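Order of writing sets the labels: A, B, C and D. Residues in every chain begin at 1.
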Amino acid sequence: MKTETVAMILAGGQGSRLGKLTKQIAKPAVPFGGNYRIIDFALSNCANSGINDVGVVTQYQPLILNNHVGNGANWGLNRHDGEATILQPYSSMEGEKFFKGTAHAVFQNIDFIDNKDPEYVVILSGDHIYKMDYQKMLDYHKEQEATLTVGVMPVPWEDASRFGVMNTDKTDRIVEFQEKPENPKSNLASMGIYIFNWSRLKKYLVDSQAKDRQLTDFGHHVIPAYLRNNEAIYAYSFEGYWKDVGTIESLWNANMEFLDPEHELNIRDRKWRVYSNNPNTTPQFLTESANVSNSMITDGCYIAGEIEHSILSHSVKVGKNSYIKNSFIMPNAVIGENVKIEKAIIGEGAHIHDGVEIIGTSDTIEVVGYDEEVGGYSDEK
Amino acid sequence: MKTETVAMILAGGQGSRLGKLTKQIAKPAVPFGGNYRIIDFALSNCANSGINDVGVVTQYQPLILNNHVGNGANWGLNRHDGEATILQPYSSMEGEKFFKGTAHAVFQNIDFIDNKDPEYVVILSGDHIYKMDYQKMLDYHKEQEATLTVGVMPVPWEDASRFGVMNTDKTDRIVEFQEKPENPKSNLASMGIYIFNWSRLKKYLVDSQAKDRQLTDFGHHVIPAYLRNNEAIYAYSFEGYWKDVGTIESLWNANMEFLDPEHELNIRDRKWRVYSNNPNTTPQFLTESANVSNSMITDGCYIAGEIEHSILSHSVKVGKNSYIKNSFIMPNAVIGENVKIEKAIIGEGAHIHDGVEIIGTSDTIEVVGYDEEVGGYSDEK
Amino acid sequence: MRNKVAPILNLVENSDKLKPLTNRRPVAALPFGCRYRLIDFPFSSLTGIEVPSAALFISGSGHSLYDHIRSGSTWGLESRVGGGVFTHSHINLKAELEGTELYTGNYYDDHYHFVSRSNAEYVLLMGSNMLSNVQLDSLMRFHLKKESDVTVVYKKIKRGEVRKDSIHTSLSMSESDSERIVGFNSIADLTDTENALLLNMEIMILDKETFLKLLYKARKQQKDVTVKNLIQFSLDDDKTIFGYEYTGYLKVIEDISSYFQANMDMLNEDNFNALFYRANPVLTKPKNSAPTYYGEQSEINNAQFANDCEVYGKVQNAVIFRKVSIAEGAQVENSIIMQDSCIEEDVYLNHVILDKHVYVKKGARLEGTIENPIVVAKDSIIYAEGDIEKGE
Amino acid sequence: MRNKVAPILNLVENSDKLKPLTNRRPVAALPFGCRYRLIDFPFSSLTGIEVPSAALFISGSGHSLYDHIRSGSTWGLESRVGGGVFTHSHINLKAELEGTELYTGNYYDDHYHFVSRSNAEYVLLMGSNMLSNVQLDSLMRFHLKKESDVTVVYKKIKRGEVRKDSIHTSLSMSESDSERIVGFNSIADLTDTENALLLNMEIMILDKETFLKLLYKARKQQKDVTVKNLIQFSLDDDKTIFGYEYTGYLKVIEDISSYFQANMDMLNEDNFNALFYRANPVLTKPKNSAPTYYGEQSEINNAQFANDCEVYGKVQNAVIFRKVSIAEGAQVENSIIMQDSCIEEDVYLNHVILDKHVYVKKGARLEGTIENPIVVAKDSIIYAEGDIEKGE
């Protein structure tokens, strides 16, 4: 059956600036906001935008990510007209194929896309926290008769030099692209969201492969090539909350912002829900000694201590007389008694033994890795 | 949850001796018997043996194979206590990892197996046509207190030199392994089916990786290493139909054998069903001009011609006055009018135009590739 | 995301004239065309539009339907994210169950809650006894283009295509606008001179708000939520009702004869292609199966089969369901043989419908006529002597 | 592959004393413990054994149950390869639906077909009103080791743990073999001096053949297929019946008071851990949800919550279901608040059960007692003036 639109979520990156948080798992699989992993936002956007055919390109440490995404059923993507498909490196008659860049990853999966035979391909990153209706962007793309539409966001002028910046004419047509320019001519930063006419993009990718194999990255190669050929490239402005949680600091910040019940993301909005793979676990148990304020707690938690302005993901245990403030605790962490945690991120399944103090400073956020054990006598080999 | 047994189906091979039939798809995904793909037999064996946790290791052209296997729901593997998981090459902090051999593929997926924490790992190939109760082999493995049990099959002595042969003592303990020996001491051929105690195998693989990285293949490296270390290796004899369909000739032969209503495989046995991913298509339509004898026809077929001693997979069309004999037609093939096909394999989606003759000889089987067009004027670019 | 539709399938359909086939199953669960049930056709047509969730109104236990539909995943109707198939058993009687109250659904409340809680903007009503394959996306576009309050699907048919005493209705169009519906009549009430008619196919689309208003009327007047009644309420309220013409294959399944004919119709390639290949692909619950084997001596002439059969005899103009075996020397003509039936050597069947799991013993002969095919109930055994051991 | 079990869940359970909570739902569908329904416990225990398919016998439309269970995939009971959940609506009455016959299942036939068609070797009977978490694999091992014809699960309890007029039964053991059941009595008939008893938990395992024999007896005598009756038939036939002792958490849900107590029991860590963490993980239908937010001024003391709540008030000894909001200044003690309820400012609730979707207006006060908690029906609105607008 012919599909109008296929979305490709590029989720293969390591996200090395997240340090030990992405040692064993890919960045899009990093937990967020108590009940989510980062990729849930892009997947939910697809589902809410009515795009049910989604390729999820994975490559780096994909076991947890693949398991999380499955066939997309948790996002309602397993309809008769689509589903989520994990796409990973593979070999063929032409040899072994790892993905060398964003555009190269799409090139390697041409067969997958061609099987769906879509008119449009939406290229997304699995790394960002935001809610966006891609269907509206697609409407815009059609209206403009664009061959490429780039999602952009106005950023403060002083920050513009940290982004890939799109210079547009009066009709919003993109006339120039500057990657991290010293003197930006525009404050429209690329969000890494692209809508392409598939047949056109495919031609570019195949031609490049036959020639010099230079089109490996969308920002660095494909957009400049499109500009050179005078393609109809338009900028689609997004105004709303959008966050790249690519560093420890931005991940912590985004979680602290997320705590605000008035947060622009409005996680409780029933009309644009953020779906996830919810674990089947027990209710939250707050004992007599618990003391919780301005915090998010998730099913499976057992809380006997004091929690202030923090997010506790599912199945976290906090012992008596422990105190957690301004922190983000990932799923299945076990925190003993008399523990003090401030301004920290505690990894999945970490074990903080009795009496330990983990306290960030005004400059730095403390991070405990996945399954890391802090304090106590360890009997493990 | 602790799992007793995890099965790993090694389905990454190209199967290059199948020529153009494995150009675009992996051998385990090659169609068989009208309603199946080769890997269905191994997957169904797992389901029927009560092994619900199955890793399917894919690497070569996996799109169709992955799509076919999905989460294993069609084989009843998506239970609360297990499911089928596709395992493909990935990258990690240590670099990019393609699978270099059967044992190396298992080494690369240690994390997957460790997550399931099994006592035993069953290693299977996705390439063989047979019905076997792995649970019985596991019982035997436990009884013998083996650290490795190898599935073996008695072959005619004159053929033994074409196989990896296991020499056993009186207790069925394997004392020597000969790969394609000129003068075989035994006629017990290895079927490429292994049951390992996981912790032991893991130690071998990890140690080897740390040292010389020599253990990449089970037959060539792991079994000899186990023998050197005097591990308890036992042979488990299987007696029944077993066929490696690794060549055009054996694939054709196996299909012709499969046609026999008295075939040992007994495909209609309700107690040991061979499951597949059945397409949702229309009934078989045999028109007034159809003439069918000693043949298997599958849903979605439209037959206006004559079919003799052949297997037609689902959704095959055969026009008037066409004649098909001793052939295996893969799904979605379209065969025009006045076509004559004998002793041939016609690939998925192939199109044989009116009046064409495709006739194998006593020595050779004619093969038409996937989506190949034979005869007619082609309007395609 | 746009034009979401909440379908309500009214499966409380009259099945008297379809007995004994409907003794233990509703019309919607009737087997059809080797591998389908009638419900597959409306369900498959739903795949053409955006359906967040569907409501089924059935009567009784609906066991055969539940077993077939399960989660609705076959038709993409299962969704973990809200939605799915909601089934309401409409038991329209004072029920008392030894001491405990019966958990009867509330007919009007069930409709109201389903529609008002759905995030769809449109409501679609349909049934299962009008065998057809309607492209609902095209219906939707028509409805929007016409800015109609209510749109109803009809087909031009000859009087003879339905029963003289049919319970269905014929639509009347406005003289000034031949697409606008201004009334309807019971087919049984038509005069003998009226040879052509616009059959109300009992498929209706309307926006949520209009539906809720009409539902309120139905509740107030204690009338069933049927397309016929909603057309009447719409006419009463001077709403604009447009007719959308369906030109594909249609058969009204209203008695054994029409059921038999519909199956036989499929042996005509034009009908077969019209129903299966011209609109939505028809999906049914997937079953694991082996290919059908045709033996050396089998002789087949214009027949359809499902997988999993073993055929050694002669079959002509017949529709054969799954897991049927036909032995050497047996002859099956102009018949419908349902799943799991076994036909032994030297049996002769002509104009016969075998329900599921019928055993026809060696040498037995059954011969009906095209107007009155012989129907053999489920689980029966038929002996050569002409004895039938009844299955129910 | 070995020891496959065909479970039959008898969900036609007496619910009179649980009204109004059971006005529109069977006991099996009663919400429990912030995010569960009672049926989740027997269903989850099934994950411990090999179950090819399960049969449910319910009464009436079972809408709330169907909606919860769907395909059974939550508990691994959905399977494309045969099996799955078969639901039989046991409508034990002469039903006539305007002209059409009602498709009532046939009670005994449904049992017979389910068991005889299953490829399981054993049959398990259980219900949903004995809240517990039984390790069925261990029961199975016991049954095999004892070479018992029939094994029944029991728990030693004090007389006071069930109603004086309880409809349940107490087992008597053989004097020579304290594991062998030789009889039973209705608890209501026990003399006042009997303080301890062996409660028949109405969970039974037996092989297929034995079950079919007992089913034949039930059909002949026109008696229900309950554990109690099957024990009686087994005794009549001199079959060996062994008792398997369950020592985990148990509460018999037989009236509002026991239902309330069971929920409150979970606030005790020992009970909570015994029910949830000592045997099978308890699985329920997954719901998409956001974490629960506890505001700056919230004060929580020994309470349980599901996800998706917003809590600004004081909560003590309470069990709070999904999507409940509790405003600042509100105080909820010793209460059960079901899904979608909204509690405004300055409300005071003590010993109260709010069914789903209850709205408690600013300043309202409700105070029950531990023996007689106030139960507010679904969809009600409660005003500060003490008025209750009934939801049903």
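Observations, loosely collected:
In the analysis below, a contact is a pair of C-beta atoms (placed from the backbone, for glycine too) under 8 Å apart; a residue touches a chain by one contact, two chains touch by 3 or more.
The structure presented is a predicted model; accordingly, all values stated were derived computationally and were not measured.
Of all chains, the one whose mean C-alpha position sits at the greatest distance from that of chain B is D. Chain pairs B-D and B-C differ in how many C-beta pairs they share in contact, with the greater number at B-C. The centroid of the Cα atoms in chain B and the matching centroid in chain D are 46 Å apart.
Note on chain placement: the centre of chain A and the centre of chain B lie 38 Å apart, centres being C-alpha means.
Remark: chain A and chain D have CA centroids separated by 41 Å (rounded to whole angstrom). Chain B has residues 74, 273, 275 in contact with two or more other chains.
Along chain D, residues 73, 78, 80-82, 281, 283, 286, 288 each make contact with two or more other chains. Interface residues of chain A, counted against chain B in their complex, comprise 14, 23, 58-63, 66-67, 70-71, 85-86, 88-93, 96, 98, 111-112, 115. Residues of chain A touching chain C in their complex: 1, 47-50, 73-76, 78-81, 133, 135, 271, 273, 275. Those residues of chain D that touch chain A in the complex are listed here as 33-35, 74, 269, 272, 276-277, 281-284, 286-298, 300-308, 310, 319. Per the touch definition, chain B reaches chain C in the complex via residues 33-35, 74, 259, 261, 267-268, 273-276, 278, 280, 282-288, 290-299, 311-313. Chain D contributes residues 1-2, 47, 50, 73, 75-76, 78-83, 119, 281, 283 to its touches with chain B in the complex.
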